[in-house]
Each structure stands twice: as structure tokens, then as C-alpha cells.
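Please find the structures below.
In the two assemblies presented below, chain A is common to both, partnered first by chain B and then by chain C.
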Partner chain A sequence: AVVSTQSTGVDSRPDLSGVSSCERLTAAGIPCSYVYINSSTYIMKKVTKVMLAADALLANGYVLGPVGTAMMGLIANTYNKPVIVCCETYKFCERVQTDSILYNELADPDSMLKTLNAEESPVAGWRESPNTRLVNLVYDTTPPALVSIVITEIAELPCSSAPVVLRRGAVKM
Partner chain B sequence: HQHDHQHAEAVVSTQSTGSFKNHEMDPFLLKKIPKDTVSRLEEFALYLRESKKERRSYVSVVKTVNVFRDLICTADWVTARELIKIIKCYCKYLPLSQSNETDVSNVVRRILKIIREENAGPEATNLADGISAFFKSDMKPSNLGRSDLQDNILNSIVELLVELDTSKSNIINMALEHIHSNERILTYGHSNTIRDFLLHGRRARDFEVIVCESGPSLQGHRMAAELSAGGIKTTVIADSAAFAIIHAVNKVIIGTHTIMADGALRAANGVHQLAMAAKYFSVPVIVCAALYKLSPTHLCSYDPDAFNKVIGPENMLNFSNAKLHSKVLISNPDFDYVPSDLIELFITNTGGHAPSYLYRIISELYHPDDYDLDNMCVETVDDEL
Partner chain C sequence: SSGINAEYGGMDDYVAEFERKRKNSKDTPVAILAIHVLNDFVSKSNVGTLQQLLEQLKELSRQLKATAGSSTTSVASGCDLFVRFITLSRGQNAPSSEIDILECKGFDPVRKFLVDRGNLFMKRLKDSRRKIAQLAYPFISDGVTVLTVNMSRVVLEILMKAHEKAKKFKVLVTESEEGPLMVKKLNDQGIQATLILDASIGFVMERVSFVLVGAVGVVENGGLINKLGTYPVAVMARSLNKPFYVAVESFKFYRNYPLSQLDLPNDAKYENAEDTKHPEVDFTPPKYINKLFTDLGVLTPSAVSDELIKLYI
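Then we have the complex of A and B:
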């Protein structure tokens, strides 16, 4: 039997990596819709589950993901949709972190100036202005309370099992 | 392969405004209004129809008052009831059912309330006599003749214009009560009121502002440029990063397009999620808006297609990516509904108010018979025409 699913890709600037996800999904035959993260409350009512990717799972259960992951987790929780994080166990990390600022990466600020229409952004001359800064965060941390389940290659776990998996890995070695 | 075609239908339905089925004015109206006024009224309707995103609501509100003042002076009426009927008839002709026009509808409601009050004269019923007396729509013809009544109405309209004129300065003068030194304030997208509010605060205090880009229109960039030109240290972040930084922010100060009757907002796309993130970290959300944005309408349905307006996605995904465009449903809603429990304070031209107090302000500003301007319920008692 073929189950027809629909998926909605939520994208955030400036990477707009959701576009390539949409392309891959439509190529596979899954009907897709596409919104920016600003409109996530607009579509959240019709969504049945939210799937997020992670860059790391920290030892205190926080999920380090591309910026916007935490926002999606919060909105999904408010609308009572399950949040599923897909993360391989090699991404589990002994570090602990409670917020997104203490340890993060800054990507190229000029990529925030990219607009799809031909007009230049009003802050294009931001380097000359002493008062303007562009901050292009790469990661953000999602609190474990906002995540329903983490799917790894060995099992489906709650976020709080991260240190258990790490310990198991250490014992094995 | 099921696409949700509801979105396409919604675009069509919000475009077709019922009052424009026939572009002719009601013959009743044409009987009562001289020809040159008719042309001015048609011009105003055209101005509203070509609603542009960057149109300032203050400008359209002042235009509205002037057009209706013109109508009151030149139309053929004797009693206040007739005048109200003429005004409501004209409102049917205007494209007020489009989401952009709530500020215009609100000002029309204010004018109607002025007419009713002047008609009732000094012995008007006030709330002290009880709620039921207030809701009686007594349109007894007043003792004043048309010219006196018209003079009183026009005087009150001049007061209304002064109130509209000073509404922004009243709001921004409260900036120093709400911004302290070394504070970090988060704002969203572009708002003239908020920009002037923050710039006024900058004159006496030193603080930082973080501006969310507000994709896909990226109005936040314009706001950041204006704020930093005014001497405020500004940081621009992507909307997705709002949750990441909001715990380090002292307060969120935003503007809005409309305030609904229960204290909810119809604001720019993306404000709801920002308010949710602020609530999660207990960061207060303060909304600065003039009272002409306060609309006595409630959210009738949570269906986003009934409340919202979907605009073109050219800013979201390049049309050159035609293969994707043809397969993927792209939604670009213009507004966002923010429930009132996420908002801490409203700063209006009459001062600061909690969202729970707005119902009282509505009862002072508007008359219950005027709440629904689209399906105008003209009083069922006989007209003396």
C-alpha cells in the first residue's frame, strides 16, 4: 500500500536550505508546501507532526540544531503537535548548554543582505555605520521539554537518554 | 497527490469585495449628494482600493475624516438618522471588507458616534443609567435644526482630527516611562510609531535595539537603518533566531496593524511566534498603537483563510526556480493573529492599558450599532424622509 503524505517545509533566512529539501521531496513524489518560519503559526493547525534535524544532542538533553529549530519546537508544543528529532548517535555530545548564545557560530553577515527582489537592502552599508550590526546565528538550542522523541539508529529515545547513550558508548570502547 | 487548493480559493475570495460588484453608487446616495462631492467620494474609494503596503495608516485616517466631513457638509439631510443612513450607504460602496482598511472603518465609526452624541444632546444617556439604557438606539430627532447640529458635529470632528494628529506624539512621549538605561529591546519589522518611540527614548537614555528582519518582506532592514541613523545601537537578526536570543532581551516592543476587541492583534506575519517565545521566557510584550487601530471586531474563526490575506510569494522563492514553483504550494500570509494573553501592555494615545481594559475603551469610542459596518444594520424604526 502506498501512503500518501503531505509535507510542509518551513524555511528560514538567510540559508533557505528548505528549498533543496522541497526539491528532493517533490522529486520523490511527496507533495510539498513551503512557508517561511514567520508563517509557521499559520500552517501549524493543519500539521500532524513536526520533524526536525539536529546537529548535536547535548548531555543535558538540549538539542543543538540549525537556527529556528527551537522556535519550531515551541510553536509545535503550543499547538500540541509531536516534535520528532532525527539524530544519529555519533552526534551525541558530552557538552552541556542551556542557552543558544554562550556557544554558537556566526555565519557571514552579508548573506543576510541577500534579497530575492533586485532592490538593495537599506542596511547594505552596515559596515560604515557604527551603530548597525548584522548577526547571523548558525545554531540554536531547543530545551528537552519541547521535544517529544529523538529517533536514532539504535532506538527511539527521549532527550534525557542522551547521557545514557554516551555512557554506553564509552563503556563499549 | 493532493494539493490544498483552499489557499488559491482564499486569494480569490479576499480579492473580490462584495461592495464592488457594481461600481455604481447606490441611487439613494446619488439623490442625496451633489455631483462634485460624488466625484470626490469616488476618488476616495479608488484610493482605498489601491491599498499599498507602505501606505501609512495615519495618512489614510486623516483623508477619511476629511472626506466624511465633506460628505456631512454637502449631503442632503435633515435629521441625524438620515445622515447616518447616507454615511452607512456610502460605507457599503467603499472596499472596507479588505483587511487593510480597519483603520478607516474605525474612524468612520468614531464619526458615527459623534453624530449620535451630538444628536442626543447634553441629556444623553450615559453608562450611569445602566447598560440597557446605553444600548437603546434612540434616534429621537434632536431639538437642533440641521445647521446647528452640523456645526456641533463639525466642531467635534475638528476635535477628532486634533486627537488623531496628536496620537503619535502622545504615544512617543511615554517612551521614557518604559525604556531604562542599558536595556536591550527587541522589535519586529518596521513600524513608524515604534521607530519614533525608540528615537524619542534615545534622546535621554542609552539602550540597544535588536530588530527581527521580518521576512520575506524584510521590513526590519529598513527599521534598523532608520534606528541606527538616529543613533541607536541596532542589531539585525533573522526571525528564526528570535527564540535563541529572547532570553537575553529585557522587553519586546512592537507595533501592530489592528487591535481586535478582546485585546488580540492582527499584526505583521511572524509576530505571533515572537510573542510565544517571549511568553516562554517571561519577557513582557508591549504594543504601541494609536486608538484608531482599535477595532470593535472579534476573530470570527480561527481559519487562517478567513482572517488573513495571502500575498504573492515572489519574495520567498525566486520565480526562476519554475520547476519547484509549479509543484510546491507556497504560502505567504500577510498578517498574524496574536492572542491577547501573550500581550502585557498596550501603549495608546490615551495612556497605557492592560488588554483586559480595551472593552471599556471600545464602549466609549464606538456605538454598538456601528460595530458591523459591512452589513450595515440601519435602524429598523421608520425613517422620516
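Then we have the complex of A and C:
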């Protein structure tokens, strides 16, 4: 069946990994709009569903995703749009975490110095200044209440049922 | 395709039997009648392999579902669960009297196993409403006002049980389609029941202690499919902090995951394909539901998916 869809890719600095996704979608023939995460409240009104990827699904149902995921989940909920998290079962993890500070990773801070125009960033000399630090967080956690459905390769489940899959997986093995 | 039908042979007889049962027993849920028919089919079938039997069961379920009208979801879920249940063999952990379904020579011991499982399933089904009433009636204490939507035989059984235990309570029933029938049945039992307009739920909600409704189906995320008008009641109840309870048998757990009202399949929403102006049912998201009284126990909406996962994965 051919369903007509339009998609909007939301991207954030410094990785700008959304660019390649948009390129692949348009190559496949799906019209794709590209926005920065700053304008997500603007486009959220026009969107019907929000799809997010996850890096891990924790045992308490929290979704560990690339930084910005929690923000999209929160905005989608405010506008009453369903949030779909796509995650394979090998990403289900026994760890428990309720916030993004307990465990996180830092990526290269210098990548934050890249500006959209060719000018030098005002914080380029951050290493010399004692008061300035650049923090490039990699992950954030999204609470299960904000997620409508988690789609895995074996089932669709509500976010709070992640521990059940872990239990069943352990029994099978 | 006529070749395939020839194999399936007397399936039309079973569909006719299903229609006959529906006419004769208005009190029994349609899904239970469908499962009766499937159980009959298993015991009388003369196939030689399990695969063949499962294919035939799937075909028969599909035909029963097609004639089920507004009970499509419960028939679909009931038939699905029946097939799941009879083929679920415990294997190594089984008591020595149970056979290991994989180790049999010939199909007859397997057929006997399936028939026994089918009868066990039927027995558990018959008991489901009674079990639910047993679990739910303690929630009705003296002096409560219960709000219910439309006619529900499960809710009726719960209220009758509470009345039997000499609790004094009042019931408000929304008019919906069969509200007057519910009021009559309650009054006949000596329970004080009042019919209210659907438009007046806002007006009465402050006086209500809790809302108790039945279900056409319960979906994977614990959400509720019930007669049109249930969703506004749930939202109203949440808005005034009144508990919203659902009484549902476990065979109504439906393998579907709607994200919005329009995600419900068309055959669940409309009685017949031509009359698609007004849907018969609406979908209540799980966040509005406090507890579900089922024959598997008192569950929260998130526990429903746990139960479904246990059955299907």
C-alpha cells in the first residue's frame, strides 16, 4: 500500500546527523522538511506523529536517546501528538536511570565551536578562560509517560512494559 | 479458491451453528459462543496435522468474526486467545500425566490434548464473570454512587454481587443505546438505579464516587474500547479526580495498539460497512483508567500489556 507521507526532520548541533536522514528520505521519494530543534514548537502543531530513535531502553521504562529526544517527547506531549520510539530488543538494558546526569557521556567540546557562518565562535578561547566550560552531552533520558508506543522487532509495547521483555528474553535464553 | 473451500468442508455448518447460538442465548457474550464453536470444531475435526488444524481454525475464526457485527473485536481476541491457549504446551515442566505435544507419534494424542486444553479454557471462561464479580464487589462500599455507561453484563454481575452482600449503593446509568435496559435489570434486582442523559455527565460527576464500565475490548496499552460516549466520561472523571474502573474478561484483550480514535479498525467502529456515519465505539487512552477488574486479577493498564506479552511472545 502506498501511503502519502511527509516528514519533518528535526536536527540539532553540533552533529547535524539529521542531514543524512533527510537526504535518504528525499532520495526515497518522501518529501522531507528540515528544521533545527529550536523551531520544534513551531512545527509541532502541523505534525501528526513523532518518531524517535533510542540508544537504549532502561529497565524502569526510561528511554536513553541522543540529547534532544526528551525535549521532543515533552513538546509532542504538550501538543498531544503520539510519540513512537523505535528500538530493537538488543538495546533493552537492565540499568535503571531517572535523569540524564546520573550517567552520561561527553563528546568533543571543540565541535561546539563550529558556527553556521564562517565567523570564529566567541568562546573559541574557552580553555584559557577559568570561568567558561563547554559541555557536549551525548545522551538524555525520556520518561515512559511521554512515550505512546515502543516498536521493537518482536512486538509493539507501551514503554512501561520494557522490563517484561527483559524478563521474557532471559527466560527464552 | 473453491479448492480451498472444499477442503474446509462443513465450515458453513459451524458458522450457521454460531448464528443459531447467538439468536438463542442473548445473555452469553458473543465471543464465548464463538469459542464454543471453535472448541466443537477441534473435537470433531478429522485432519492429520497440527498445521492444517491451525489453518482451519484461523479460517473459521475469520468467518465468525465477519458475521459478528459490533462484537468483532471480542470475537477476534477470543478466538485468537483460544488457539493460543490450546497450543501452549508446558513440555518438560508438565506433570507426568500430561503429554509433551512435540513427542507424540500420530495426531490422535495431540488432538486429545487440544480438546482437553479447549475444555479447560471453556471452563475458565464460564467462570470469568463470577471471578470478576468476586474481585470487584469489595470496591463498592455503603453509600457510594456508581456511574456506569450503557448496558454491561459484567458490571451488572458485580453490582448484583454487591447487592447480595447487603451493600447500600446507588447507580447512575447513562442513556447511550441500552441504558434503559440496564436500569430495568438493576431495578428488577432491587438496586436503586437512575437513567441519566449522556449530556448530563458533567452535571452529575461531582456526586459520583467512582465510574465502573464494561468493555468491548481492551487493547495492548491497556486502553479501552467501549460504547461511544465512554471517553468523555473518562476525561470528565479524571478532571474531577474520580476513579475510573473497567470490568473486563481476559478474552477481550485485543492485539491492537491504537494511538488515536481513528486508529481503530473499521470493522470495530461500525456495525456494517455501509453505515459509516457514526462509530459504535470510542477509544479511551490508558492514562484515564485507574484499574481493570479481570479474571486474571485486578490490573493496572500497564499490566495488561504484560499479560498479553506472556500470552503471545
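We adopt the following convention: the second predicted complex is superposed on the first by the 172 of 173 C-alpha atoms of A that agree within 3 Å, B and C clash if a C-alpha of one lies under 4 Å from a C-alpha of the other, contacts with A are read in each partner's own complex, and residues count from 1 in each chain.
Going forward, a residue touches a chain if its C-beta (ideal position, glycine included) is under 8 Å from a C-beta of that chain, and two chains touch if they have at least 3 such contacts.
Not measured: the values here are computed from a predicted model.
Of the two partner chains, chain B is the only one touched by A:Thr78; chain C is not. Once the two complexes are laid over each other on the shared chain, residue contacts for A:Pro31 go to chain B alone; chain C is not touched.
By the touch criterion defined above, A:Ser17 lies against neither chain B nor chain C after alignment on the C-alpha atoms of chain A. In the superposition on chain A, contact is made by A:Val164 with chain C only, not with chain B. By the touch criterion defined above, A:Val67 lies against chain B but remains apart from chain C after alignment on the C-alpha atoms of chain A.
More residues of chain A are touched by B (comparison of chain B with chain C). Legend: residue contacts after superposition of the two complexes on their common chain; A:Thr115 is shown touching chain B, with no touch to chain C. The part of chain A that touches chain C in the complex is made up of residues 49, 82, 84, 145, 148-149, 154-158, 160-161, 164-165, 168. In the complex of the two chains, the chain B residues touching chain A come out as 1-4, 213-216, 218, 221-222, 224-229, 231-245, 247-248, 269-270, 272-273, 276-277, 280, 302, 304, 308, 314-318, 321, 323-324, 327-333, 336-337. Put simply, chain A touches chain B in their complex at residues 4, 6, 9, 11-14, 19, 22-23, 26, 29, 31-43, 45-46, 67-68, 70-71, 74-75, 78, 99-101, 104, 112-113, 115-117, 121-123, 126, 129, 131-137, 140-141.
Touching chain A in their complex are the following residues of chain C: 220-222, 257, 259-260, 286-287, 301-302, 305-306, 309-310, 312-313.
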